[in-house]
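Should a chain be cited, it is by its letter among A, B, C and D, assigned in written order, with residues numbered from 1 in that chain.
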Amino acid sequence: MIKVGIIGATGYAGAELVRLLLQREDVEIVWYGSRSYVGEDFASIYRNVAHLVEQPCSDDDMAELSKIADVIFTATPQGFCASQVTEEILSRTKIIDLSADFRIKDVDTYEQWYKIKHPTPQFIEEAVYGLPEINREKIKTARLIANPGCYPTCSFLTVYPMVKEGLIDPNTIIIDAKSGTSGAGRSAKVPSLYCEVNESMKPYGVATHRHTPEIEEQLGYAAGKPVTISFTPHLVPMNRGILATAYGTLTKPVTAEEVKAVYDKYYQNEYFVRVMAPGMVPQTRWVEGSNFVDVAFQIDPRTNRIVMMGAIDNMVKGAAGQAMQNMNLMFGLPENTGLKQIPVFP
Amino acid sequence: MIKVGIIGATGYAGAELVRLLLQREDVEIVWYGSRSYVGEDFASIYRNVAHLVEQPCSDDDMAELSKIADVIFTATPQGFCASQVTEEILSRTKIIDLSADFRIKDVDTYEQWYKIKHPTPQFIEEAVYGLPEINREKIKTARLIANPGCYPTCSFLTVYPMVKEGLIDPNTIIIDAKSGTSGAGRSAKVPSLYCEVNESMKPYGVATHRHTPEIEEQLGYAAGKPVTISFTPHLVPMNRGILATAYGTLTKPVTAEEVKAVYDKYYQNEYFVRVMAPGMVPQTRWVEGSNFVDVAFQIDPRTNRIVMMGAIDNMVKGAAGQAMQNMNLMFGLPENTGLKQIPVFP
Amino acid sequence: MIKVGIIGATGYAGAELVRLLLQREDVEIVWYGSRSYVGEDFASIYRNVAHLVEQPCSDDDMAELSKIADVIFTATPQGFCASQVTEEILSRTKIIDLSADFRIKDVDTYEQWYKIKHPTPQFIEEAVYGLPEINREKIKTARLIANPGCYPTCSFLTVYPMVKEGLIDPNTIIIDAKSGTSGAGRSAKVPSLYCEVNESMKPYGVATHRHTPEIEEQLGYAAGKPVTISFTPHLVPMNRGILATAYGTLTKPVTAEEVKAVYDKYYQNEYFVRVMAPGMVPQTRWVEGSNFVDVAFQIDPRTNRIVMMGAIDNMVKGAAGQAMQNMNLMFGLPENTGLKQIPVFP
Amino acid sequence: MIKVGIIGATGYAGAELVRLLLQREDVEIVWYGSRSYVGEDFASIYRNVAHLVEQPCSDDDMAELSKIADVIFTATPQGFCASQVTEEILSRTKIIDLSADFRIKDVDTYEQWYKIKHPTPQFIEEAVYGLPEINREKIKTARLIANPGCYPTCSFLTVYPMVKEGLIDPNTIIIDAKSGTSGAGRSAKVPSLYCEVNESMKPYGVATHRHTPEIEEQLGYAAGKPVTISFTPHLVPMNRGILATAYGTLTKPVTAEEVKAVYDKYYQNEYFVRVMAPGMVPQTRWVEGSNFVDVAFQIDPRTNRIVMMGAIDNMVKGAAGQAMQNMNLMFGLPENTGLKQIPVFP
């Protein structure tokens, strides 16, 4: 029985962790951490688990939690995990941090984009970027996982094979991404109100979104050199789902079959990545509620570009599901344990 | 391994059966029956199961299917199951019919409301109305299950304890029900188009909806006498979910505690029925994707009425989930096998 | 040129007043009152009027505003208008109050349902309930209009002819109403967040909603005796629209033609009320963005009840449109001046 | 009084023409043409105009209609207008064609992208591309207007000033556009069903969408040379609205003030184009129901690109509104006659 603690359990990502973990028989959730609801029954806030969870919310004391948990998930605002983690805690328990605190290796880049002084840079090097499709082996032995951002997960997996194989010029990459509204979190803000989001669409964080350096760093590893991209997120009136539409200039003529073979080379054995046949397009509804990533592409000979497209559920593969995928690896379990949910449609 | 065949697998209810059954390790789907897509890959139509289902769609030959399946689900239009079922088929396999063909015991009532001549009335008596919370024991030994309608499931379970205990006058019952649009099915009709449904709401089938006699029959059994009710369904711009708001005149003064005790008497041991504390209201989002029924009530001393409220996912407890719940009972399995999905929120 | 001031201009109802008033050439908005945004450009908050409105938001000083405005609209929380209005103000300007402060004649009833001590009960008697279809003549000469609530407008107009003619027993009336989310206002609350409302439906204020006594008072005038009803509002995932489904027991047998004639008797000459042919049902999409009320009915001989249905746009006929309709009457203008917007579909 | 005929009045664009034209006192609609609903009351199909329109639908006989109409709008599938128009008809009446038949000057390009043989290429040269912000003078004297596509209107106006001034390399332009579902029309197809569109997002027509050559042709005129771009449309779960996010590589360093000045140079006197201040982003909700185009931009010095963004209501500026704007010009009326609708929010 794996004893799990969640800090930030009453945010959307935290509650999604609860949903996924609670369906497992080999996991026990021992801590529902929350800053806003300490002492209140977790099931009174998330009534989907009424009659299934009896515990009240605890506070966010990571040190205390580390004494009883085998693994801690932090689904907390930027800066929280980094401000709490210590060598002592890491010697006692594993940490999977869903925030951005340990995703970026260059601390200057992190501080510049996040406008936060990193309190514990000494752990950055050790932290493993938790994208199993790329870093599977490192994850297995890690103590501290930097769980990837939702946009980076979708964006990176969509373009990775083409960059890795050198088939596109990485500095021509433009990623136009669209996300459902759960990515904005559960805080009470006017721009997140139903009537403000419904029946509308908007870009945000244009040329300044914090997920940009995270995507660039990972693409840089794939390309073997620094990469600068354009990344534009958009808010869409739906609860879940991210769709990334990525553009890149081809470095040489390719056929659809060749490109398909390249994608298959990297993803054929990946349970969660579903490469679509040439001519198809991903839709977020086909991955909703699941840990799947659907990827597809279209070559445009007129412009010598390729359009690469990917879809994920931002709450699952983009947050809680990927975190649990990492947990599985860290505990030596089959990677898809508890993650075989089939997308819910309609 | 239970070998399962689905006729009508490419409708929304059929596809939901696929989603639920596919996640089980003790079940094998041997037949994806479809009238419209014979020969096409099921996963090319419902891409949520891409890489998970390899089979093409078969036709809707129940006799042929009965030779290889331990149980057949018919998620088909009214009249299909009744036109196909024979003693020979029933001697070979169990049938769970998601249509209305065998729900109503009085064939005249059926023919009057459905405007269809019943082709096989000889099986009506044998058929068991598959509401496990009421007919659990009969279901266990049944060969032919009439799986309840979505509105009747939600409506009946919402008011049942009050009627059974005689606390409301059953002929005063008014049920105002609201449903997500998946209940309208997947056929291509203008009124089901996105732009026709989105940002709108409407009643339909006012005073004439076919689920009315089904609800009345079941309430009649509970009341011990014939019952006539008002039932009005409404279409709501959301994919899944039914909310029933029911009104009834109290036969004597009651307190909230007394009413709560009555609901608990009938539902305390029911895994799928969650009775809410007095003062609370159900919301469809808290049951979405699951087999749960959330029920609540509010006494109105000013009018001497009680407002009873229930919420289900119309695709799960209102269709495929309940069908699988019945299957579990018929095969001697724990009733919630494969049905412990936690509602997906947001 | 009518000089208009709006207090509470940055709420949804206030902004809808701006939208409607700004399209008129005989009206000048001289005051955009707001508690939260004083000094900020109105068009920076409601960017639909970018390039059309230059003014910044003013405060909510009714006395000051009354010196320059011919009419003041208060689209403010309960208690505000009543706390500000004075004889001096009323001697200078007309007031159309969109809050509930002056809707209910019995101050005890008001204070009991609203849990507010009424600060200026001396104006209650004078105030005219601003439902033009009922109180047209009184409105023309009024100084102070109590603009009806959204639910009461829709509910009352839906059942009024039947009550007035004594064709239903008013104490059997049950109104099950459903509203889009703009009715919840623009304040930043978790239950109004997109992800909390979208893909869900819920009842609220069951047996306790404050619009109940307002509906009952008006129905009482129609019936000629006190009336007690059941009223249940629901929240629906759409921006605009109210649908009321009302049930009443018939006092004698009637035909559809007779009922149609009764509705026509009261509404035939009403520009904004569209009585539908027997067998039809209203849909909120057919009134969205307009001041229309669509009403319909269905006799249910099985239960001896009639189902009466009405649809409005809660922001227009349920708030700002009706307020402007009242203004037109008060200034001797054709009632539909500036209110001929055709419903926007899709 | 301008006598107007609409062919294709029962499609979404046609019905939007009705909505806009019906609110004018200087226009009379003399023909509601429809292929599917001949003889049925128009108001029975689009109940938003119940009690406002009495006429039944006529057929699509353009020759007959041309005898009584001053102007004909064709909101019909590709190929219809071109197959009907004759010199005789044009000598009698003006035509504003909302289809693509006369938008593209090069007939080979048209036939290649539309897979249709152009039946009347002799009128292509005469036809004026009805984008008033570009072709105002030509429109005033035209007999035949090719009303621009929804995506081209939004895309072109978003990037036009930058291309015209040579500040971006036109062959680097990538336009990632997102549209509400009304753009898919009112035909009954499974992919347009509510449950298929709601809670999902998808790209479509990737690298092959027919609006591509239309955008390229117009950009070519602005650039003074042929232009090839990438264009990807996406389907979004909302009724109305197009958002275009366009990327281009800067030809020289520019400041936000300089770019703002460039946009103002072209749009300052355009009533319908609202250039936003640097740092702002357009949202479709701020233009919904109106003929406005909101445009904004963000310079990205890291990539030497500029992100240009535009939003329109696809039914208004993207179809019926722009058609009426053209009609105004053709009849010597102020361009915004009948088009001062303020966007409806929420």
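Simple rule for what comes next: contacts are C-beta pairs under 8 Å (C-beta built on N, C-alpha and C of every residue); 3 or more make two chains touch, one makes a residue touch a chain.
Bear in mind that the values here come from a model prediction, so they are computed numbers and not experimental data.
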What are the mutual neighbours of chain C and chain D in this structure? A, B
Need the most distant chain from chain C, centre defined as the mean of C-alpha atoms. A
Chain centre separation in whole Å, for chain D relative to chain B (CA means): 46
So, what's the distance in Å between the C-alpha centres of chain C and chain B? 38
Residues of chain D that contact two or more other chains, please. 12, 182, 195-196, 198-199, 237-240, 283, 285, 288, 346
Provide the residue numbers of chain A that touch chain D in the complex, in ascending order. 171, 174, 176, 178, 180, 195-196, 198-204, 206-207, 228-230, 232, 234, 236-241, 243, 245, 247, 281-285, 288, 298-300, 302-303, 305, 307, 309, 346
Along chain A, where are the residues that touch chain B in the complex? 12, 15, 19, 22-23, 46-52, 182, 199, 239-240, 274, 276, 283, 285-290, 294, 315, 340-346
Quick one: in the complex, what on chain D touches chain B? 12, 181-182, 184, 186, 188-190, 192-199, 237-239
